[in-house]
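Chain lettering (A, B, C and D) follows the sequence in which the chains are written, and residue indices restart at 1 in each chain.
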Amino acid sequence: MIHKKKGSNRISDPGFGEKVGGRTQRLINKDGSFNVQSDTSRFAGHNIYQYLLEINIGTFILLAMGGFVMLSAAFAVVYYMVGPESLSGQRDARELHSFLDCFYFSTQTFTTVGYGAIAPQTPLASAIAALEAFIGLLFFAVATGLLYSRFSKPKSKLLFSNNAIIAPFNDGKALMFRLANMRRNTLMEMSARVILVMRNKEDTNRNFYNLELQLDKVVFLPLTWTLVHPIAEESPFYNITPQELIERDGEIMILISGFDDTFNQTVHARYSYVAKELVRNARFVRAFQIDEEGKVVIKLNDIHNYELLPQETLDSAK
Amino acid sequence: MIHKKKGSNRISDPGFGEKVGGRTQRLINKDGSFNVQSDTSRFAGHNIYQYLLEINIGTFILLAMGGFVMLSAAFAVVYYMVGPESLSGQRDARELHSFLDCFYFSTQTFTTVGYGAIAPQTPLASAIAALEAFIGLLFFAVATGLLYSRFSKPKSKLLFSNNAIIAPFNDGKALMFRLANMRRNTLMEMSARVILVMRNKEDTNRNFYNLELQLDKVVFLPLTWTLVHPIAEESPFYNITPQELIERDGEIMILISGFDDTFNQTVHARYSYVAKELVRNARFVRAFQIDEEGKVVIKLNDIHNYELLPQETLDSAK
Amino acid sequence: MIHKKKGSNRISDPGFGEKVGGRTQRLINKDGSFNVQSDTSRFAGHNIYQYLLEINIGTFILLAMGGFVMLSAAFAVVYYMVGPESLSGQRDARELHSFLDCFYFSTQTFTTVGYGAIAPQTPLASAIAALEAFIGLLFFAVATGLLYSRFSKPKSKLLFSNNAIIAPFNDGKALMFRLANMRRNTLMEMSARVILVMRNKEDTNRNFYNLELQLDKVVFLPLTWTLVHPIAEESPFYNITPQELIERDGEIMILISGFDDTFNQTVHARYSYVAKELVRNARFVRAFQIDEEGKVVIKLNDIHNYELLPQETLDSAK
Amino acid sequence: MIHKKKGSNRISDPGFGEKVGGRTQRLINKDGSFNVQSDTSRFAGHNIYQYLLEINIGTFILLAMGGFVMLSAAFAVVYYMVGPESLSGQRDARELHSFLDCFYFSTQTFTTVGYGAIAPQTPLASAIAALEAFIGLLFFAVATGLLYSRFSKPKSKLLFSNNAIIAPFNDGKALMFRLANMRRNTLMEMSARVILVMRNKEDTNRNFYNLELQLDKVVFLPLTWTLVHPIAEESPFYNITPQELIERDGEIMILISGFDDTFNQTVHARYSYVAKELVRNARFVRAFQIDEEGKVVIKLNDIHNYELLPQETLDSAK
């Protein structure tokens, strides 16, 4: 899938463009989205739906309630203009109450409760009420459909360690980071691809390098998964100083894919570490325990934990 | 997947048929559908559903409202024939009102608002009302289900440049076109296949040729993607005049597939350029900018833009 | 995927079992299902849902209406036993009407229409009515959900020619059959696999043979697709008489898979031809036309049509 | 996908971790879930939805009814505090009834039945009722959505034989177990992978071994499927005593994947046999019959059945 270029592990552009010119921000945001914007023409069409799925639940309920109140009020105005007397059950003539009666009749129609204590008396009021009931049914179909979609949407979520580390590995060093499944979903057939992007020394073009992993696939993901890129001779990390990595806007882009057996879906996760999120000379601390019954217990918050090694360890490892 | 034939890049029929005989219209329409019709027997079964999803939203609402009004009216006729007096709350004896009362009672039953200002008084009227409420619930289930499906249907949409161009490339020329993601959906693992179809010089049969791309896969699609078919010796474009391409009904068929990570679905797009949509001796203009913060901003409308090159450029490139 | 066995094209059991012993019926029914039954333990669990999706729409509506009437009647009995006087609006004391009033009140509650002309007056009646409204909402959720699922379920349907034929092909003969898309769905990336199953001459075990196709994949399926298995020396059809094929319970099993781009789903179709559905010495008749505008029009019913060839054609072809 | 290690069939960790240390429980539970727990932080977010889908239907209905009653009661308290006189139709002043009236009015509003025998009379009561109808619609959208999801969720379920057996096979022995489709769903393109995990003799680390199958794919699964791992020289079972397998916590992990053509989904099943579930010197009994019409009938419960062989059979087979 990735076409190798020339020597080393340099690969062709995986889709971000090579000739951007000048310094840019990170390519992949911490939430996995691409750090790219579009001019307004892109904000058409499907975005309302996505927006309504992505906002937090409180905002969503408020928006739904706001829509309900505003549409009911709009119809209330119509009933009031038609003449409140066309609704039965109007008990007093004070104007405010009268409009409020229109409004509450309107809400009762919009939600199809229809107590009937107030009811349309004229053909015109009846026609408006029929229209309102129709619109109310459509409105609540969309609102409740969205609520259910939000509720039922599969959210397999991988937790990545806050830092990638460079740790001793066999007789050398390796770049490592780890991840765990934050949900109770069963994840399977996971595979990983890791790409380093750095700007070129000579021009400002970006170069992309494949970081080969010791193990790029696991059948199951019941625990944490530590991804290991051994820093061998052909690795772009082999002879680069921390300072150079920062100057060249180095970014480690990670693409994980797998199968969520609970929701029967292929899942993808994207993540990236920029140069300053890389910790040298460290070692991850174990993130699970065996309890007294022999059962494995994962401690999710511990996957971020690493311990710094004394300087000589790294040197001797090297 | 595509079996090569004989020499060059000629491939076997990808499904359109080779022995059509005589001139035909373009094979793939601009919206990606196949330019093929069926006799009536095909317009059975599933088409109503597709039709109701594909018509524009205004037409859909009108149809739903029409269905609501007509079904309510049909039941109103039944109530009227049964005798309007079987509904309580009939306030006057004038015939028109009386039918209108039946109609508005009917709408109130159909939408399950049921104010009760008018209510069925006889067993027969009650039975009809029970049936109407049942049918109303089924009707609105389908209408609101369709509305929500329309609203939530993933519409990953690729924008293709209006023209394919023949531009200088390395030491020669290449056929190029580009595409961008019109939505905010995250698209990944894109792959492309490009096929040229031309009628044969000798007989009227169609021949199909694979157009090899410099890069036929990208991992991410955050920006635009320019597809490049270098016109090397084995390319069917190598020795063909613009006139010949038009006469032989040349059409460049494009098949893009990828994964929409927002909607968790595999997506496909089809597009085609016929001979007269091919611009020779041109170069695409860049369609994105880096803003002051280093963020990349795509300008969707610019992906169509190209500039014509002075004639000598092409010649010297050749 | 299919492991070849010994010489020829014999393959290992694709899942039907080899040692069945004795004559059995066809393995794949004309609707693509397997001709296998299970003892009762299999008819548990999920079958109600599948059953309700598969029955015809009239039966489904009748069942839904029956459920509505029966549940309403059951609640009516409860109201009647509690005492009809606990419902307001009872206008007369005749017993029949009184039960009918209970029944119609019950339907109005079950559908949540709730006119209120009859309404619960006692706490007990109110509690029963609350329960009925709750159950009514759940009942209609399932009934309307099923109706919408039935309506929106993708039904990509392939039409296979009624017969497989043995036709002249190049310098020899070939087994051919064809298929077309009965819907307006866009089908793509079709692939086919054809397996011959025959009982062994010596024992009654089944043998399975792969029938190699001249072209087993097409990128698009806008028209019909004729699948061609050339009867070469290694084909199990090479030296078998029609009579022998019938005696050995020969069955040609076809497995088509592809991608339905309209419903964004992988689709599979299964079909089979038994020995007596095989026509020798015939040729398919073209099933599409080019209309006056150059547009291709498929004639679905024509895909079954073939013409018998004079005997000598086949002989000379042979 | 699985990287072989050193000699034999040892493979790298498929995701369970190698350096666990000490004895642990079985890795895969009988229901296919991983025998791993997480600390509390994992029980956030999506679990309510999964929980509500997984509990049994009785519990679900009770929870839904409980939610309905409690929310209605909460609103009843509000109506009662606002003053029961703000609702019309209060027929007597006794406090209990009055609160009950509030409650039943509340249920009628929550379910949008709205008889109107009791109806809000003041703006405040009307506003609360409008809010309650809104919340009731959202509540029932989620409750009925869940009910329908539970009802319609595809549940392809494989039945595995209770025991794996070691049976004579060709000139040697083989590890065998079998499975059948418990549903009427059509399953296709099945593939299997079998992994043995054992703790190391020297340290407590786990080793993983691939168990090669005689046939690891079948195209169809209409009947039962017997999976056969021939115990050849490179098999980890070749020279291991039953006692050693138990001491080393041997576990045979099975991963089946396939395509459910009825629900158009990829399906996975996991299962495992621990050492004590392995029966030596046995043979499976046939689990299907051919009825008088030549139709194959599977007997699901029989797939567990095996017969023990006389000792000499195994010895001579060896």
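What we mean here is this: a contact is a pair of C-beta atoms (placed from the backbone, for glycine too) under 8 Å apart; a residue touches a chain by one contact, two chains touch by 3 or more.
The structure presented is a predicted model; accordingly, all values stated were derived computationally and were not measured.
A.B. asks: Could you work out the angle of the rotation that brings the CA atoms of chain C onto the matching CA atoms of chain D, rounded to the nearest 5 degrees?
C.D. replies: When the C-alpha atoms are superposed, chain C turns by 90 degrees onto chain D.
A.B. asks: Same or different for chain A and chain D, when you check if over half of the residue numbers at their contact belong to both copies?
C.D. replies: different
A.B. asks: How far is the middle of chain B from the middle of chain C, if each middle is the mean of its Cα atoms, in Å?
C.D. replies: Roughly 27 Å separates the two chain centres.
A.B. asks: Centroid of chain B to centroid of chain D, CA atoms only: how many Å?
C.D. replies: The separation of the two C-alpha centroids amounts to 38 Å.
A.B. asks: Touching two or more other chains, which residues of chain C qualify?
C.D. replies: Answer for chain C, listing residues that touch two or more other chains: 112-116, 145, 154.
A.B. asks: Give the list of chain C residues in touch with chain B in this complex.
C.D. replies: 61, 64-65, 68, 72, 91, 97, 100, 103-104, 107-108, 111-118, 140, 143-145, 147-148, 151-152, 154-155, 157, 182-186, 188-190, 215, 217-223, 225, 259, 261-262, 264, 288, 290-291, 293-301
A.B. asks: Can you list the chain A residues touching chain C in their complex?
C.D. replies: 112, 114-116
A.B. asks: Can you check the complex and tell me which residues of chain A touch chain B?
C.D. replies: It is residues 1-3, 12-17, 20-25, 27, 32-39, 41-47, 49-50, 88, 109, 112-116, 119-121, 123, 126-127, 129-130, 133-134, 136-138, 140-142, 145, 149, 154, 193, 195, 255, 265-268 of chain A that touch chain B.
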